[in-house]
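Mind looking over this structure? Questions follow.
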């Protein structure tokens, strides 16, 4: 008899594969953050050339490092990067109309420029502009994220107004009132509702919900594309999510609590609303947060029904493109990798990623706490 | 013991007042309870109503009357009084020749020479290219059923040249025809094949890895920091919006690994697909998307296997892998498969990541491998829905019905698999 | 049948525990245990619930290690080797020291496969599988009941039959020692009796250590009895260990007498 350890090569190989499999999930996360991060960096560092409406008012020789420019147009500052045709220059000093420059900046070749050559100025998207402005128009170099974030928040808010009360009521009904038989019918229906692809919901929003809103409020009030109809349909989409998570929380409340309330002479409704729901509060809160995250990340419904074109508006019946909708529209065309548009979807994506990630982490923390209390 | 009226009267007026006030309050409490019960119950109705409306809305668009106008009336094509229905092949070729460009004729000739074409084939070409029926107006199923007179009226007034036919947009030929710019000939064949290709690649990629990770986390992993991070991370990945996976796929598979996903390093040099926007990229992106779902579902299934089974196996000297492979996995298999099919259903319906990865807007040829350009059924539905012409909405409705039927059959397979495997023991 | 135990000439004791301490995390479940188990004898381990008797039993084939926070100090000598040495493979230990569990746990496979699987996977048995399946089922006194239904699921048997199937499964890989963790506690009295008779048969060929909470069972069925109790820190310790006849008639310790006469536990 030999009790010595045997080398089991097959088992070691399998063990290695299994470890690798589970580590891949880390790679995916790192990949997401790395890709979104580096491309977003490019978004914030990529030069764009903006016309200054200034021109040189003399010939600029190959060797000369100072020349006069027209007074009109945008102001230049020392340190600015400017471009005359293919040559880039760094502004060293400005004395009235005289520009002192460093020639051939950024590795470009100094060349001769004749009088009247237009001057372009390099600009970058700054974080201040990105988070501070409300206009998003890549054609003219406007990158204020609030135009997109605002409509994302609007559709999400409308969705939550629809889904939270209804979802919670469904959960209360299923957990406190419904018979076993009714539950066994209703739960599959909700599951089917949750399993319908979102593109189908998008179709539903455009061909049913929008005409419905138009019929109720008038065609001159409600546009063909609008955030209200997209939001309402997202709400319908996340009702099953809210109700199933909330119902789990309500069912986890021990029966002893209900019996205690009944023992004091409370009615069924009072027990449900004043004892069971507060006891399950954190579980329900987690459901609401996950639903919020889901609504923010929802794409196809808004891509189809909310409109194509950033629009900073608080009117839910106007078209306004959301963050997700914008990503889909921009990347759906023939996108050049070497463009600010391409970089911009990563910056939007990164913001979206962190918004949903933070919400998901919070909800997981809450659920964990909740479990510790009752299990 | 019954209370006599005298005894009841002996209650002091103050007490009596209090009792009646309490009774009134109780009935009010019951009333409030009833009202809320109705509210709770009707909320659940919202779900049922929403689902019904969703389906009715789709059916409403997928069937109905269509006004069809022929570009050339078939009567005008008759030669010597013989209508095209009864023409021989040679005459049909002549008809075709006199109505389409010489270039197009050469293309037909190059595809299949005229001698080898059947009469049926040429006849269809004449219908498609010369007669060329086009929908000019369409009505929903509801309108078609209940306002026939109004439709006929409108036909006479606005489309005197057109024929009125009742059309089902979901037909066998809808499923077997490729994409086309003419709504009458368009079908979802290319899209269905694209969906099947991408899903297959997603499964091949993520099933072994997902189940492997689940086995590691349930059966091998100790409770240490790294493994806790992995678990937390998987849960978070499951909550990342799908479009983020699309962006990752675009950067990783399309751009960074473009040489691989376009097949260039395997000597596959189709300039049409060399940019990496291929079935392979799409499939891998979907694979990443469903990986966390597969891991979580498989973990649950493995967790549900009773510990006594593992102990029995270890107790007679089996190794860890023998225990897992021969006892744990067979018991967990129905659960793993059900969870995987749920994940696949999710992937089949995904649209946004595939649009971002670069689904083609218009392809008419069947995908012929992982390096082919692609479109999928939900992407096709999206593109039809997004087109301004109403007629494409009908096509989209038809596509949705096909998609929902695909999902339904997936879930039926899941139920069958589960039943079969759980009976086997 | 002595050939089943090739090592039987090697000393009088099959297993010896030296200064064994067993921990779950920081909690010491069993302390300072020293005991020897004689070959081809039945040793019963008794004690109040929670005193660590199952933990001790599972320490003898390193079964406890499936619980991540478990660790042990001290030695368990089996076949001249400390099974807790670094170079010892727990898989090999379990292959030679078999175990029968509290609740019958047949594999969800056929009766035949339940017995044959271990033979095929963990031993180098070269003979006919059919023979060893029959031999093991006969040893477990189950053959006559199942010989016609070998391809039926093991889960279709009654509880007592399932437990005997589990014993047959353990015997089929030809261990030296069989550990039994309350093997009859989930069974009815008649099935219990059959298991006890079976254990008596098996001691001809195997060393058997059995944990039981049933004192009558220990008195009826065992040659030696070890009594465990727990101290004020809830750590189990060996109170007394002697021939069963002596333990139940004239125990050395007051504590043992109190427990056996039912004054606590």
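Here the chain labels run A, B and C in written order, and each chain numbers its own residues starting at 1.
The definition used in the following text is that a contact is a pair of C-beta atoms (placed from the backbone, for glycine too) under 8 Å apart; a residue touches a chain by one contact, two chains touch by 3 or more.
Computed from a predicted structure; not experimentally measured.
Asker: Of the other chains, whose C-alpha centre is the longest way from the centre of subunit C?
Answerer: A
Asker: Could you see whether A-C or A-B has the larger number of C-beta contact pairs?
Answerer: A-B
Asker: As a quick test, compute the distance in whole Å between the mean CA positions of subunit B and subunit C.
Answerer: 57
Asker: Go ahead and note the Å separation of the Cα centroids belonging to subunit A and subunit C.
Answerer: 61
Asker: Would you kindly tell me how far, in whole Å, the mean C-alpha position of subunit B lies from that of subunit A?
Answerer: It comes to 24 Å between the two C-alpha centres.
Asker: Residues of subunit B touching 2+ other chains?
Answerer: Only 319-320 qualify.
Asker: Would you pick out the residues of subunit C that each touch at least 2 other chains?
Answerer: In subunit C, 92-93, 96 touch at least two other chains.
Asker: Under the definition above, what is the set of subunit C residues touching subunit A in their complex?
Answerer: Of all residues in subunit C, those touching subunit A are 6-7, 78-79, 81, 83, 87-89, 92-93, 96, 176.
Asker: Under the stated contact criterion, what part of subunit B meets subunit A in this complex?
Answerer: Checking each residue of subunit B against subunit A gives 29-30, 32-33, 36-37, 39-41, 43-44, 46-48, 50-51, 53-54, 57-58, 61, 208-213, 215-217, 220-221, 227, 229-230, 232-237, 239-244, 246-248, 250-252, 255, 288, 291-292, 295, 319-321, 345-346, 348-352, 355-356, 358, 361, 378, 381-382, 385-386, 393, 396-397, 400, 403-404, 407, 411.
Asker: So in the complex, the part of subunit B that touches subunit C is made up of which residues?
Answerer: Residues 222-223, 306, 308-320, 322, 326-327, 330-331, 425.
Asker: What part of subunit A is in contact with subunit C in the complex they form?
Answerer: Touch residues, subunit A against subunit C: 1-6.
Asker: Considering only the defined contacts, which subunit A positions touch subunit B in the complex?
Answerer: 8, 10-11, 14-15, 17-26, 28-29, 31-32, 35-36, 39, 165-166, 169-170, 172-174, 177-178, 186, 189-190, 192-193, 195-204, 206-208, 236, 239-240, 243, 267-270, 273, 290, 293-294, 296-300, 303-304, 324, 327-328, 331-332, 337, 345-346, 349, 352-353, 356-357, 360-361, 364
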